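First chain written, first letter: the chains are A, B, C and D, and each begins at residue 1.
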Amino acid sequence: MHRIAQIGAGRMGSVHLKNAALNPRLDLAFIVDPRLDVSEIAASVGVRVATLDQVLADDSVEGVIVASSTDAHLEQALACLAAGKAVFCEKPLDLDLATLKAAEAQLDKPKAPLFVAFNRRFDPHCRALRDRIRDGEIGELETLQIVNHDPAAPPAHFLPTSGGLFKDFTIHDFDMAAWLMPDPFVEVFAWASCLVDPAIAEVGDVDTARTLLRDAKGRICVISNTRRSGCGYDQRIEAFGSTGMACVGDVVQDTVQVWRENGATSAPLHPGFMSRYAEAYRNEMDHFADILAGDAQPETAYAASIASLALAEAAARSAKTGQPVRL
Amino acid sequence: MHRIAQIGAGRMGSVHLKNAALNPRLDLAFIVDPRLDVSEIAASVGVRVATLDQVLADDSVEGVIVASSTDAHLEQALACLAAGKAVFCEKPLDLDLATLKAAEAQLDKPKAPLFVAFNRRFDPHCRALRDRIRDGEIGELETLQIVNHDPAAPPAHFLPTSGGLFKDFTIHDFDMAAWLMPDPFVEVFAWASCLVDPAIAEVGDVDTARTLLRDAKGRICVISNTRRSGCGYDQRIEAFGSTGMACVGDVVQDTVQVWRENGATSAPLHPGFMSRYAEAYRNEMDHFADILAGDAQPETAYAASIASLALAEAAARSAKTGQPVRL
Amino acid sequence: MHRIAQIGAGRMGSVHLKNAALNPRLDLAFIVDPRLDVSEIAASVGVRVATLDQVLADDSVEGVIVASSTDAHLEQALACLAAGKAVFCEKPLDLDLATLKAAEAQLDKPKAPLFVAFNRRFDPHCRALRDRIRDGEIGELETLQIVNHDPAAPPAHFLPTSGGLFKDFTIHDFDMAAWLMPDPFVEVFAWASCLVDPAIAEVGDVDTARTLLRDAKGRICVISNTRRSGCGYDQRIEAFGSTGMACVGDVVQDTVQVWRENGATSAPLHPGFMSRYAEAYRNEMDHFADILAGDAQPETAYAASIASLALAEAAARSAKTGQPVRL
Amino acid sequence: MHRIAQIGAGRMGSVHLKNAALNPRLDLAFIVDPRLDVSEIAASVGVRVATLDQVLADDSVEGVIVASSTDAHLEQALACLAAGKAVFCEKPLDLDLATLKAAEAQLDKPKAPLFVAFNRRFDPHCRALRDRIRDGEIGELETLQIVNHDPAAPPAHFLPTSGGLFKDFTIHDFDMAAWLMPDPFVEVFAWASCLVDPAIAEVGDVDTARTLLRDAKGRICVISNTRRSGCGYDQRIEAFGSTGMACVGDVVQDTVQVWRENGATSAPLHPGFMSRYAEAYRNEMDHFADILAGDAQPETAYAASIASLALAEAAARSAKTGQPVRL
């Protein structure tokens, strides 16, 4: 058992808190939340409320889950690493590329393991796709098509702090693309529109985008995004190779179909990432336990964070200028 | 080009008439229908109206399509065969097993080729299933599950002349079972109910049945029938073998799907046998052209007719007595 | 938190042990296993090894999970109930109908809650099917088709203590049929063969069966069983109603497909019940927690056990005599 | 019956020849082919060989199917129109936009009906998708994803006369996009690579591309092309709207599936456009019969030809310059 603490008990924090509490290899001892009264939550999972300073000073704590608000991730992660604690940081490490690069010395080869949790890499479906590609089942991978469509747009007033569509949402697709494709990308082109909700345009953001990435050999990746699918959480990837195609489809809520005169209707898609990636979040926690046990290196850390953020900034610039952006 | 005539221009007759007219190897010259004024139909496909005697006396006619009412099939087929004409007979040859057996001398080794058209054997989907089984893709075939569900029950007053559910409807499934399974069946058990329309019970028929067939080795076939599926024409077969399962699914009207919050909905199933088996009916006509050209022996003739009718009579007896029937 | 103990740590026992240990509402305190040294297992989940007598005498223990060998279920369950402990009993309560009936006084209205765990009722897929039927999405349910095919036959020498195919395997289908269909069954007919492994016949059992059930109104259920599918754990149900069909399909291991020249291949089916019903087993444990909290009555208890065992005995008799059996 | 002639009996010509011969409303009287000896083909469908001049001079000929080599389409179509014959022209009218525009006077409002046959508009699957979108089943259409992947690349030496990937192959997708989307496109961006066969690069062409189109409102269409899928003829469209998604999937050769331990495998996709769009080609011929009968205006004519060719030229320029191209 590895003793850990967690910072933050908001939406994603609650997910990690529950998974950490149920993980048989982790001893979740403390919860830190500078903004909320978390005493009730702490009691429900049987942990103590503490301050970050208390956690950092406690030598029995081996690791910290950073699941606070995005703008606090980097500072807290750095503090934990400096104190020799392994870090599980909810993505992103930070929304600003320059800031992230400035912290390279502490993050690229940190004193303690740093794990930045990109959930889809831990989803068994995405992982199976990666394995099939890597095993050569479709020959050489040539092009990739990623569909990432949210069920319904968030209220527009939540968006200004999100970093914008590319940093907040497409960021997952950039990480998937980098994970699945063999070479780094050299050029980005994006078109973005506001088709879902004019209020999103009013706060300076977009809700619909198509992004192209290509590498030096001419392999191409297309990313399709919308904030509102109208049909649930639509998350699919198609990988086209020299000897065939491999795809990962949507996960329906159950395998029931109802056939009537108008056709056969499947169960609905998942309503959002919470239920769709529930297993991925559990697997992230297992990965953290492996890291704490010294059995694994972090699957995603500083390098992956920098890479996807760089693509997001390039895509945003391309969408703004209407021109392709070389990396 | 082989000159042929057709008897009957009712529902199935119209299908065969059109296919015969369009078949580039057949020269449809005459249409015979003792009950209807078919002059308009004849004109529409450019053939002459004739009597059966005229057709039988015309040496240029090589073959005859018998698509009249069921009770006339046998007599007309026998007359054509006696006149040396190849016969394409819409199934069934006859509804009575004893009558059929009494005609064995003329039918089992007829003077001219006799083809009794069981449409599903000519459906490319069913045929692909048969080929995959025969090619050993599922090892040894052990059990079979046939679903044959009509979209909606016919008006009850049409049923008394149909021969009843087993002879009129399940007959196709008995032929499929015999075609796909390696050995003849030795025992039949059936339960039949009237769940769809009480008027069907009033005319002495049933609308819902489950029939079991087994062979001497213990291989088992299940046939599922209803007169009203509520979801279109549901025609599926599952073949379970020693190394896997092969199935033929329903054919949807097109490959469009619409995804909404309640799930993904396919296109409807076909509304009935006319459209679902359109290609099978064309293939039957091609098979008749092959027979006339001497390039093929009839795929289904007297033996198949006897075999499926015997199963139908046994099933009807089992459903009535509540006991299994040995063949 | 409700303090509980568990008897048995074999194959199914291990599943329940893990789920009980991880359930946040249960405090698994003791493990009892008269046959095995379970000290290591006990240590792995942090519980103490105890004898059944110690558990029964401990007033702090509110419930007991009976997951021992089948022949011990009934006696242990009775002992626990007599001691006022709620019981979670792995199915079946007993393999003998007469024995079970003899214990009716203690079991039908027991002193403490008795829950007999039929896993499929707790599977979210099966449950969604039941809900859709109950909500009238296919009108009146008329017929049912259950496919229950195991991936591969167990070694024949394990079978003599299993109770035979119908009691050991089809029992789940009998419970499903009773759960989904509106009225009790009045008649059973079954054919059973040995097609998979002759050694199974040598120990007096069968490996392949088709069973028909019908109720007083003529509604029919077909159950398809084999001990060896050749394609993984094949578990499907089709429910045919007056306005359509609802089915629950197989759960694939992931949603990846690989398309090549020979067609599109899905991921494999689950290899067995352990992984396929993992969530159902967790839900069973949640249901036990609900029962202990007084928030739920046992979903399945003595009545369901008697009902499915009666069907199993009738089916076995029918298969042996070749005659239908009235209940 | 409308008397017609056909020019050209090559690959596509053979398809149209057979469909014209079998169409009950058309009387195919002449076949013209200045390059090949078509006497055998003519005999097989029972038509006479003639010269184009003979056809043009024959007042009984109402229409002409132009299915010659691409570089002859325009001149022959113009000659037929000038002679007052209705024209069925295999696409494209011409490969050069300027040439096509120069003929606007004769083509935009021609003396006789001009039908340029874009096959996919006549495919029942694509047509069903269009109908569903038009009927509002997904609300407002916002973005479109078209996959058009050929099974295997043609020999590189055939490509120089093809017009290049965008004019030869993507042209169909440009027509689909224009057909399905509500407004004209205003901007094009394309990346193209040579990943399949270096010999294709040597002749100055590409084999893999992703093209983006957008309209003035910011609606976006993505087109995915490869000359070699490795898995058959992959032709799919996904239309994303404000209340859901509608897609048209691939058509498999039959509905058989084989389930084995490694998963369930469908039948192969169609091997190419000949079999995949067989019904579309028949429907094109029916449409021509409707046009000759005065019952329909040509679904696609000069305007559609110009529109898709303009997109193809813009895409080719974008792929070459690396910059988006405004129309």
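Note that in this section a residue touches a chain if its C-beta (ideal position, glycine included) is under 8 Å from a C-beta of that chain, and two chains touch if they have at least 3 such contacts.
Note that the structure is a prediction, hence the values are computed from the model and not measured.
Summarising the inter-chain layout, the chain whose CA centre lies farthest from the centre of chain B is A. The distance from the centre of chain B to the centre of chain D, each centre being the mean of the chain's C-alpha atoms, comes to 39 Å. In this assembly, the C-alpha centroid of chain A lies 57 Å from the C-alpha centroid of chain B. Note on chain placement: the centre of chain A and the centre of chain D lie 42 Å apart, centres being C-alpha means.
In chain C, the positions touching at least two other chains are 138, 229-231, 234, 243-245, 259-261, 267.
If touching chains are joined by edges, the resulting network of the protein chains shown connects every chain directly with every other. Those residues of chain A whose C-beta lies close enough to touch chain C in the complex are 21-22, 24, 45, 124-125, 128-129, 132, 137-138, 243-251, 253-261, 267. Residues of chain A touching chain D in their complex: 138-139, 142-143, 145, 147, 149, 189, 191, 193-196, 208, 210, 212, 214, 217-220, 222, 224, 226, 228-231, 234, 240-245, 322-324.
If you check the complex, the residues on chain C that touch chain D are 229-232, 234, 252, 259-269.
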